[in-house]
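A, B, C, D, E and F are the chain letters, set down in written order, and residue numbers restart from 1 in every chain.
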Amino acid sequence: MSHVEHKATAPRSVRCYVITISDTRTEETDTAGRAIAELLRGAGHQVVGRTIVKDDPGFVRGAIERQLADPNVQAVITTGGTGISSRDSTYEAVSALLWKRLDGFGELFRMLSYEQIGSAAALSRACAGLVAGRVVVALPGSEAAVRLAMERLLIPELGHLVREASR
Amino acid sequence: MSHVEHKATAPRSVRCYVITISDTRTEETDTAGRAIAELLRGAGHQVVGRTIVKDDPGFVRGAIERQLADPNVQAVITTGGTGISSRDSTYEAVSALLWKRLDGFGELFRMLSYEQIGSAAALSRACAGLVAGRVVVALPGSEAAVRLAMERLLIPELGHLVREASR
Amino acid sequence: MSHVEHKATAPRSVRCYVITISDTRTEETDTAGRAIAELLRGAGHQVVGRTIVKDDPGFVRGAIERQLADPNVQAVITTGGTGISSRDSTYEAVSALLWKRLDGFGELFRMLSYEQIGSAAALSRACAGLVAGRVVVALPGSEAAVRLAMERLLIPELGHLVREASR
Amino acid sequence: MSHVEHKATAPRSVRCYVITISDTRTEETDTAGRAIAELLRGAGHQVVGRTIVKDDPGFVRGAIERQLADPNVQAVITTGGTGISSRDSTYEAVSALLWKRLDGFGELFRMLSYEQIGSAAALSRACAGLVAGRVVVALPGSEAAVRLAMERLLIPELGHLVREASR
Amino acid sequence: MSHVEHKATAPRSVRCYVITISDTRTEETDTAGRAIAELLRGAGHQVVGRTIVKDDPGFVRGAIERQLADPNVQAVITTGGTGISSRDSTYEAVSALLWKRLDGFGELFRMLSYEQIGSAAALSRACAGLVAGRVVVALPGSEAAVRLAMERLLIPELGHLVREASR
Amino acid sequence: MSHVEHKATAPRSVRCYVITISDTRTEETDTAGRAIAELLRGAGHQVVGRTIVKDDPGFVRGAIERQLADPNVQAVITTGGTGISSRDSTYEAVSALLWKRLDGFGELFRMLSYEQIGSAAALSRACAGLVAGRVVVALPGSEAAVRLAMERLLIPELGHLVREASR
């Protein structure tokens, strides 16, 4: 099947949970989390929940695991904690949980990001993959990075990803 | 040594085995496998064998292992099974066998693929590497993707890869 | 914090150690190692030491480990041994030591390298990451590749990397 | 808390699914699967389902994944496919799915097995761990091995394992 | 060299740091941490520091990394957090940091533990290995388990381990 | 099939290659390598070759890879380099090559070794597994350890291992 036919049969609406990973943001100042939610809804998807957790490995992994254990959630999208400071552990947490890695997501995000911010794109550890038929995507914390990843990569492919993941 | 000198001493003709991974294709309808074989021969390489196996982890890994155990085969090229459905296991099978990973092959394939098909390129899990001095390359199942990978990446580098792998 | 603010607080001068991995080069003929040292100094960083080791897994890993054990060294930069011949083990040595992988460095290097040398870029196994708060970067052996990686990726981000790594 | 107090609060009855991995067994001849079910029920646990799948990597992993996706199942216990022939892939399938490895289960099973069958115990690749709060245990295919593992290790600890896994 | 000669040249006194991983213990109630310190001192080793951290992946990994970054510390010994509840992450934290795994430590601890507490020994994820020439050992949280591991395995081998690790 | 029937159909004679890993031994002083060869021949197996390589990661891995590439060799047995000094890399080299791990071999060896030498057994990183249908076994360097592993574990199971590996 070509990638065009694939998309024709993808689900219209995906049930998503959004996790913001940050030590300082509140619901008011979490512009990245809000942008993800708005872009998902604008594309016809559902945001079944949203939360903010501290950038601490235990909280991050626990928050992702909880959503993966909920059969109602089809995709978990995180923002933040993808850098390289000692507290940033989203990449490690997601890598340890994945049953199928999707190297291309992080790669193409950094390729597109390089066009916008140059060499600093190399420091982002955005990544994605599948666990038990559900999609997990870890995005950086900046609103600009989130908009880039959502508009150019995730929104166009989310239905396709979820349909394939559940086959 | 520069990459230009490197190529000057690469072998002219590489002995390749082509494996098509598909539940539905027959020899007549396997246009991707046929394209790989024709492009290899057109570049002066030998296709020492070609087979079609079901997209099932056991068959895929077994078929690759059998060719790696044949001292006459210098490169194994697969098409299909690189997606993310629960049956697609080519990426996992190849990753588990590799002695040396070659991250750049999958990356550059997806970069070139992005220019053709956009964000859907992120879902391809093409990959490559070395096992016991032999080259293993896993390509997607569509003929267009196979032609892109062969013409832009693999045909220009195959001799070089095999020569380096055997040093 | 945006990537622009991030850089504003990065350290001006990073203490670096340069390791050339080669069976044939001497201090006179090691143009790649010399280029790294000059580019680092030109950007205001310190080169606290430089050495040449044989392209043998034991020597390579040992040489990197020794510098990581020196609290005075903030970044270890290697050149050579990133190919795929049986002796080339820099990728494996660095991968085994890393506490945090930085996939984006190798990816963007190969993307930039593709523009210069085409498909041969797929064969380079440049990589980077963090160990115990220190930065490790493995570059290819050719002077042209080293200049590309230093000028376009590492020099602009080195201060940023070291600051983040130590947080 | 000591291991004695731990057990005092463990759940009385665990909901288990039993998977027999074999190319030749039928419901009548599957004495190992039947023994697991009977020992579980005799200890007060529930067997919510039982199936026989071919010893093929795709079937094995798929069958385990399906049970892990069912929120009603607290423990998945397999028998068979833990040897080292090219088709035996239970160890690899389970290892790839685990979020937390439990090395001690396989170790102590082999230690106890050594007392019964001597050096052949070294060839068994029994293993266990946790995925998303659920317990996965892979036992060998022989009825004697299954009885040993169930009576000496799993039955005494199953409630404890499930309670800890879900905390 | 035999294991007897090996020990003859081992250092008399090793500089150790003890980390207790617990949500509830205080310095007064931390009997396991105190037992480790006393047994080390009784064997002629130095305890250069001791701390209690919450059983949270971020705190645990951070606390171990900080001691590994201190050139004065030759061995880091932890107690607690080796179970399988979702918060217990000592095994994962230590595994991710190790440069050389030492499977035998955890195995033999569980074998000896089985003699004392039976099947519950299978649930302990004690482990050990080397990072940058330093020894890391993760022990369970109970005082009895700690005494067993220290008296039967670690105290007799600590000098030997540190001497080998630094060669 | 029970473990007793399994053995009945095992090959009588296995073609083995013995590699001694040591910086100091010569053919005269290599008592461990000689013991392996004699014990193999005494059990009716063939020793198709024997070599001594330096305890350096590059030499060790290269020497093992060369034998695995020879279709005439059914089992590769090494002695030495299984300790934890920075040069000892046999465990890492073998682990990176294995297609199927056989955890039980190292475990049971250390269990038996503990009965002979006590806690020092924890420091041995003996290991085994399969690559491309061939058996790889890494034994410690001391003659006593080699005799223990050969007599109690490997000799009784070698035919069985090779038959299963090739199925």
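Convention: contacts are C-beta pairs under 8 Å (C-beta built on N, C-alpha and C of every residue); 3 or more make two chains touch, one makes a residue touch a chain.
The shown structure was predicted, so the numbers you read here are calculated from the model rather than taken from an experiment.
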Legend entry - Shared interface partners, meaning chains that touch chain D and chain E: A, F
Legend entry - Chain whose Cα centroid lies at the greatest distance from that of chain D: C
Inset, instruction - Averaging each chain's C-alpha atoms to get its centre, pick out the one most distant from chain B. - result: E
Legend entry - Intercentroid distance (Cα basis), chain C paired with chain A, Å: 30
Legend entry - Averaged-CA centre spacing for the pair chain F and chain C, given as whole angstrom: 37
Legend entry - Centre-of-Cα separation between chain F and chain A, whole angstrom: 46
Legend entry - Residues of chain D whose C-beta touches two or more other chains: 65, 86-87, 92, 96, 103, 107, 111, 133
Legend entry - Those chain pairs that satisfy the touch definition: A-B, A-C, A-D, A-E, B-C, B-D, B-F, C-E, C-F, D-E, D-F, E-F
Legend entry - Touch list for chain D against partner chain E, complex: 2-3, 6-7, 100-105, 107-108, 111, 128, 130, 133, 152-153, 156-157, 160-161, 164-165, 167
Inset, instruction - State the interface residues of chain A toward chain D in the complex, per the touch definition above. - result: 65, 68-69, 71, 96-97, 99, 131-133
Legend entry - Residue numbers on chain D that touch chain F, as the complex places them: 83-87, 91-92, 103, 106-107, 110-111, 114, 117-125, 127, 142, 144
Inset, instruction - Enumerate the contact residues on chain C facing chain F in the complex. - result: 56-59, 61-62, 65, 86-87, 89, 92, 96
